[in-house]
Each structure stands twice: as structure tokens, then as C-alpha cells.
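I'd like to ask some things about the structure below.
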């Protein structure tokens, strides 16, 4: 093993850190980055270790088997991710707006996102050429008012067949059906083009312009059954003035959307985002 | 006359700037700062000039009389504020939280706010000593569930008798009655401790903590009959994380509230905030 | 004529605005955006008007001829840019880092930059494919220690032959010779990857890491003979911590560089940046 | 014992976390907040634990004695701070500018700063009244060109006699002599009114205005023998434009200075700032 990652969530109690860090030290691992958090309201404990594991004499399967005893004792949800094993596979879903897609593809090709791209799904054919130029498969699956069930069955199949484990809605303007939300719970990341909970739903920049806010924002969150209401991963804002028209807001907002989504996706891929009820713990 | 200020709102049409700037030039005035804005949706035009008026041979009353012809022609709402004349008089209203009050008093004593302080009104007696230390009158007017009408009559009287023309709600936790909102329309400035329209109403930091937002904010706005829904003057935010408890949000929020309110009040006193329906034009 | 733009710099004195705005009104133009600034230290006056000119009965040449009398009287440097005439032509120069180039090309193709791309010049051949995919000519002109004079002669020729009027150094890691700086004075825009004047020169992120700063930045400026010392157009920063390695700073810095350069170029193309000695007036 | 704090710096090696966290668990302590950092360049390890210690059966002296064995084994610099023991004592030093002083006193009285105020030292008598109103001793010790040695001897005596362990230079415009810098190494906090390393030395806002920067900043750092070159604790910035005069920069800068200094002092008092050569590790 080389660089590995241990992520743990469990009920908080005395001795977790001692027990886990001792276990890793005994096996020969060296903790190079450590984060932990106790949620005093829910009594949950969250932990993430980056471990230099080259001196651990056993392989990841054996390590996991040995760790399972501790995990059971503390009632942990946990994963041990081995850097040498399979990378995460991202399915990106888009409509017609290209800015988030192009930004993600650029960051991916520049090595900022530690994943493979399993493909791009769109309800329109507009963005095919830039996707294929990157050597990535483009799936055009139109979603119409009278074919939603079929279309989302095709989408689910495309996700499955391409072995994707993370789905990024990079300005995908369709509502994801509840069954898909639940099957990929905690694995679907959306960018909403407002500072949630303000301006949920449609046309948030128009809403923002009408209200006369002095800052616009974007929100990256996990998708749940309730629209625009899932756990927030990251948000950011941009100052605007009375001079800005709605189309200025749209233009300025694109930059926030890109950077907020990119940070959210990067942190998710690095297992830095732990879900805590309807909130997130982000070890950034 | 020395430094003066001309503020104009009117229906937009060709020739306003030419006419007004020519008038000022003819009279001998020199424009040292100029701002203007056309709202394409409402068709309204907004303008603010700072004028070095020492070479204008007539006094402000004569100037106003001469300007009235242009104003009528263009259907203007306007004011000519003479720097040598009476300063604005601020009535500050507070409950028990002192941070915005103390910040405003400090900025006022440091010369950052071009106004007189007409007094401080509070429904509690807690903040008397710091106010009186600044040589300012403190009016303790308790607002109880069974005396609201009387209390607000006393408040209105205190505003009148102290000749206040601007009212700043510096974390005043009572709802202002509609009659007062209307009498002092565009003259009552509130600080709300959230990034409106998110978390209007009570306990916004608790709401923010429950929703798990990654940024908290504050909003300075004019008070209208509808709670927390008046024209927004200024907003700002502060980044927070899963580590922050609600009381951390309250503490961090104090700094945003102070600076957002101070900027809003300063701009209002400098006639930089022009109301445009339920929005503002801010020539900052 | 349709949308036009008037930009003026001259010694400050009473009556400029009156004279110019009256002239435009007489000709039938409507000012849709106006900005002006008086530099009290240098006594210079700066002005920029956006003019809706469809009701001006004469063409741009006739307009310029008529305006020349005013310009002479007030000793103005000025230009009247007619939106229907030729767009500015951008020559982008790069080395091996692609982020600023790709960002500019994306914004250009999305319509955010009002210009034509005259071509891309690089001392390396690495970025040819992405440039040519956009249908833009790529000029590979290697600059070596022993061919600098020849190489820059070729570069100058490429700029000339492609009729470029604005040169953007989008992480071009060579020093521009003084003769080129002077020939294209006020037309060469550079992005420097630090918050100038901190960390001028080579390897600014390494310098920043060594000094232990808590914010890193980027600076967009006009190029002059003195390295990294020309008039600053725009700057921005990003928070960093002790956790960030130099390569983290490089990664995070890319996002600041992209957005700072894009804003600077956009404002330059809109004639919003006026040079005032070694500073800029930016009517953003 | 109730809430305690363990801060450790030592050469990095495998097993530190395991050893320390096991020790705390064995004694009955519960870690409520944990931070750690490995500096890969210097090979140093940094750690800070907040410990709920009410179930630790021994007192702090006994705890320290028991921990000393581990500390020696790992060659640690360390401290165990017992929340029930003596608070830190702050000596604030000022000249004539009051904003940082007033801000610190307000935050202290609002409970944001966990310390006692040992007194205020100034080379001028101007700020006596606001200090004494808070019930704090004011030491007027003029520093003149011909009495520096005597004056700083008096200052050192005032620090000693008032049992101060932390010195905050809240816009104290005198240079601290090297002997004092060394005696209180890592205990003297300064606010410099620029974004260091830009504009070190005198009149930074004038320097910033002359250079035409688009952002101004402030820097909180530990004082060392070399002027404005000590380890940086915190920095922040504020956007400015060509409209701002030097005195506007001074006014806007006051707000950054206040908040940057307050954060730096707060983190220092919470033992969140660990010195790492000429840099800092800040567990904020």
C-alpha cells in the first residue's frame, strides 16, 4: 500500500482517537493529515486520516479485516481507501450551459480532480463536440414531458454500465426522480445558481435581480428528494450593484458556479465531505 | 456656499445631464464627483453630483429657486444639500445588544459619520452608561405587550422633539408600527442579522446553523411595512464551517452586522442611496 | 451609428461635462452610462460615456470632426469608438501553462470578450492543439538565449501582420524588450502571479510560501520597461493556510490568475481602463 | 480540572498521536477538538488538543508530571493549560490612534478575549480617558529621541510589575528594542497597516496610494528584531479604487486593522498559533 485514507463516522465516546491511531501506528502506518469533529448536538463523531502506508506489511484487504473489530466495537461507518486501487468514476450530467462542464473537464485534464470521467449525459446534443474532444463518451438522452420514466431508466443504465459512482449535475436542468436520489444517496452533487436557501427553484438570478440583493451566490449540495434542500457542501458569493442587469448576474454567476462546484467535487473525491444529517462536515 | 450636493431622480430622457451640468457650470459650480444611473426596466434616471460651490455667486435658496424651473421641466424629485447648512440628525434605537451602537458611536466620534446624534432610544436601560459617556441623551422607553401604542407614541415624540430625520435600528428587536414606517419612509435604516431574503424573522443564526450554510451574512435595509422586506442598501458575508456553533455564528455575525450597518448609514448620510421601487441605487 | 463610446482625458477645469454632454444631446445622442473622475493630485480629468447613437444623424467620421473643436479647446486626448466598426484584435502570448489561455478562449467563445482573436504566440509548441481546435492560428516562435533579437522581431512581425492592437501575456514567461513595450504602450496586458508589489520577479509562489503569508494574490497590469512595475488594472487574493504546500499555492493561484486577467482584459476591451501616470482609473 | 488544552511541537515521527491520545484516554480525558500539522520541509510536528478533563482524577501538576515522560521521549516543547488556572494577562501599547485599542477593549468586555488586561502603555496621554473608563490602568511613558533607553526600561518595568505575559502593539508607532523583542519572543503581537511584505516601514497607505494598488491590507505578526518581518499570524484585505484618496485608505484600513488584530490576539490567547521558524501554524 502507498497513500491511503481512513474515514470514520460513529457515536462519539472517549478513546476513539487513541484506539484508531494506535492501531495504525502498530501496523506501521504514518498519519500525514488528520481531521476530526464532534457534533455536540447529534453526538456523532467524524474522522478522516491520510495515512502513508508503505511500511504497513499487509495489503488493504487484510488491513480492513483487522480494522473491522475496532469498527464493530465503536459502531463505525467507515472506509479505507487505498490510493493504489480504483479511482472514483464521475458521470457528469448537463443541459445546454457549458461553463461548469468545461471547467470540470479542464481541471480533470490538469490533474486537479483525482477521478476518471465515466462519461457525460445530456438531454441535449449541444455539448457533444467539446466532450468528445477530451476523448469522453457523450450520451444524448432527451428528457421530454412524456418520456421521463424511460429517459431516466436509460440514464440509470448509462450510469450503471459505465460503472460510475459519483454523479455531478453540472447545470443539469431536470429534476432527478426520487428513486435515483435514493439509490445514489450522498453520491449526486448539484450546483444551484443561488445562495441557498435564498432563491431555490427556477430562475434564481431573475429572483435575485427583482429582490435587489447586493451579493449573488452559488451553492454546491448533495441531491435529496426535496428540491434544492440537500446537505450543503460549499457556497460562495460575488458582489453586484444596481448597474448589473439580470444577464450580468448570469455572467458573473457563472464564475461562482464553476469554482464552487469544482471545490465541492474535489473535496468529495478526496473523501473530505462527511454527511451529518442534513448538513455536512467538510475537512477542507 | 462651499461643498454642496445635488441629488436627482426623474423619468429618463435625452438631455438631462447636459441641462443640469450646464446650469451648474453657468452658475460657477465645479462638479467634483458625478454618478448617474438609468434603470432600463422602470425608465427612471438617478443622478448625484458633488459640487464645489465657492464660486457660485448666489446662496442656496436662490440656487434652489433658479433650479426649480429645470426640475419642473424634467419632473424631478431633487434636493440641493448645502454643506454649510444643518447636518442630519440620527436617532439610534437599540435593545440589549451593544455592538452596533458602540461601533456607530465610535465612528461618529472619529468623524466617519457626517451627522449629529439626536439621541438613543431603548426598550431596556442596559446601554445607558456608554451612551451618556459620549454626552448623548438616553431615552428608556419600555415596549411591553400591553403598552405598544403608548410606547411608540412616546418614541415618535422623542424623535420629533429631538428633531431627528434619520432613524437607525441598531439591533432594535421590536417591530416598528406601520404608521411610523410610513411617516419616516426612506429614513429608517435597519440591520438584519442574515443574508436576506434567507432567514428573515426571528433567530436567523439558529436558522442558519440548522440549515448548515457555509456563509452567514447581514443585511442593511430601509424599513417598510413588510418585515425584513424593504429595499436592501448593503450586505456582506462571513465564511463559517461545521466547527462553528450557533453562538460562534452570533459572535462572528456581530462583526458583519457592524460593518454592513456602518457602511449603509454612512452612504445614506452622504445621499448616496437612492430608492428605486423596492430596490436601491447606491453610488458608493 | 448604434452604440458608441466616448473616452476623454484632459486637464480638469469647470465646464467639461456641460460642454461634452450638451454636444452629444444636440447631436441626438443619449448617454446610457457615464463615468468620470478628477485626480486631485495630477489635476487630470477622466471621462467615459456609453452613447446610444441611433438618432445621431451623421456618421462617426463627421461626428469626430465636429467634436475635434471641443477636444482642442480642452486639450483632450480622446476617442470615439463606434460599435459598428472594427472590433479590437487580441494577440495572446503564452509559454506552457494553459489555464489563462483556455479561460480566455472559453470566455471569448461564450461572448464575454468583445474582440477578435488575432492569434496565439508561444515560445513552446505545447498548446497548439487547444488553440487550433478553436480555429485560431498558433505561432510557435521559440525564444532562446542566443536568438532573442530575432525571435522578438518575428513576434513583432506576427503582431503586425495579424493586425493585433492588444497583446495579452497569459503567463508568457519571457521578458518583453523595451522597444516592444514602448511601441505598444498601454496595449500590453500581463498577469503576474502575486499580489504586487509583493513578490515581483521569478517564482512568486515560492517566495510567498517562504514568507508564510496568509493570502496569495494575482495582479493584472500594463507592461512597461520596468519589470512587474506598470500600472495595475486589477488584483485579487485567495486565503491560504500553513497546510498549503507551494504546489497548492500554484494550484489555488491559477484560479485567481484566470479571473483577474479576464476582468482586466474585459475592462480594457470596453475602454474602461484609463492610464493615469503609473496608475489606472478603472470605470468598472 | 475542567477544560484544558495541550499544545505540542516536536520532531515528526510515527506514533505521536497514538501515544498522546492514549495517554489522555487512560487518564479519563475526552478530546473535544484536535488539530495537527506536519511541516514536511522542517520535519516538525504540531498538535493542539482541547480536552474535557473533568473525569481526570489527578490535578494539573500531577498530569504534567506524568506527561513529562512522553514529552522527553519525543523531544517535545509542550504546555498543558488548565482552564481553571490563571488567565493570560495582556499589556496593550498604543500611540494616538484609538481604533485598535477601543476595538480590543470592546471585545474584551464582551467576553470575546479570554484574558485579563494588565494595563495600557502609551507614549502619549491622549487615550487615557477611554482606558480608565474601562477600569484599566493607563501608563503614560513618553518615548523621545533622547530618552529611549530610559523609556523602554520603564516600559519593561511596567510590563513586569503588572505581570503581563502578552504584549499587543495596537498601532504603537515606536520601534521595540531588540532586548525586549527577545525577552518576550513569541509574545509580542503587532498590527502592521499593510499587506506584508508589501509596504513595510513608514506610511504604508501613502505607499499603497502611490503604487496604485487595487487592494489594501493589514498584517498581524509576532515582533522580531527585524522590523515588520516576524512570523505572520493573520492578514486581510479591502478593495479600493482610483476614487479613494490616501485618507480614504487610512479610514478603510482601520476596519481591516481592527479585525485582523482581533483575530490574531484571540487565536494567540487560545494557543492556536504555533511558531514554525519564521512562519506560523494557525489552528483556527
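All chains are identified by letter, namely A, B, C and D, in their written order; residue positions are counted from 1 within each chain.
Here is the rule we go by: a residue touches a chain if its C-beta (ideal position, glycine included) is under 8 Å from a C-beta of that chain, and two chains touch if they have at least 3 such contacts.
Keep in mind the model is a prediction, meaning the values are calculated, not measured.
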| item | value |
| --- | --- |
| Those chains which touch chain C and also touch chain B | A, D |
| Relative to chain A, chain with the most remote C-alpha centre | B |
| Copies chain B and chain D touch via same or different residues, half shared test | same |
| Centre-of-Cα separation between chain D and chain C, whole angstrom | 42 |
| Geometric centre distance via CA averages, chain D-chain A, whole Å | 37 |
| Chain D, residues touching no fewer than two other chains | 33, 243 |
| Overall pattern in which the protein chains touch one another (line/ring/star/complete/other) | complete |
| Complex interface listing, chain A residues touching chain D | 14-15, 17-19, 21-22, 24-26, 28-34, 36, 38 |
| Interfacial residue positions of chain C with respect to chain A in the complex | 33, 98-99, 102, 106, 110, 112, 133, 243, 251, 255, 259 |
| Touching residues (chain side chain A, partner chain B) in the complex | 37, 39-40, 195-199, 211-215, 217, 231-237, 241-243, 245, 276, 278-282 |
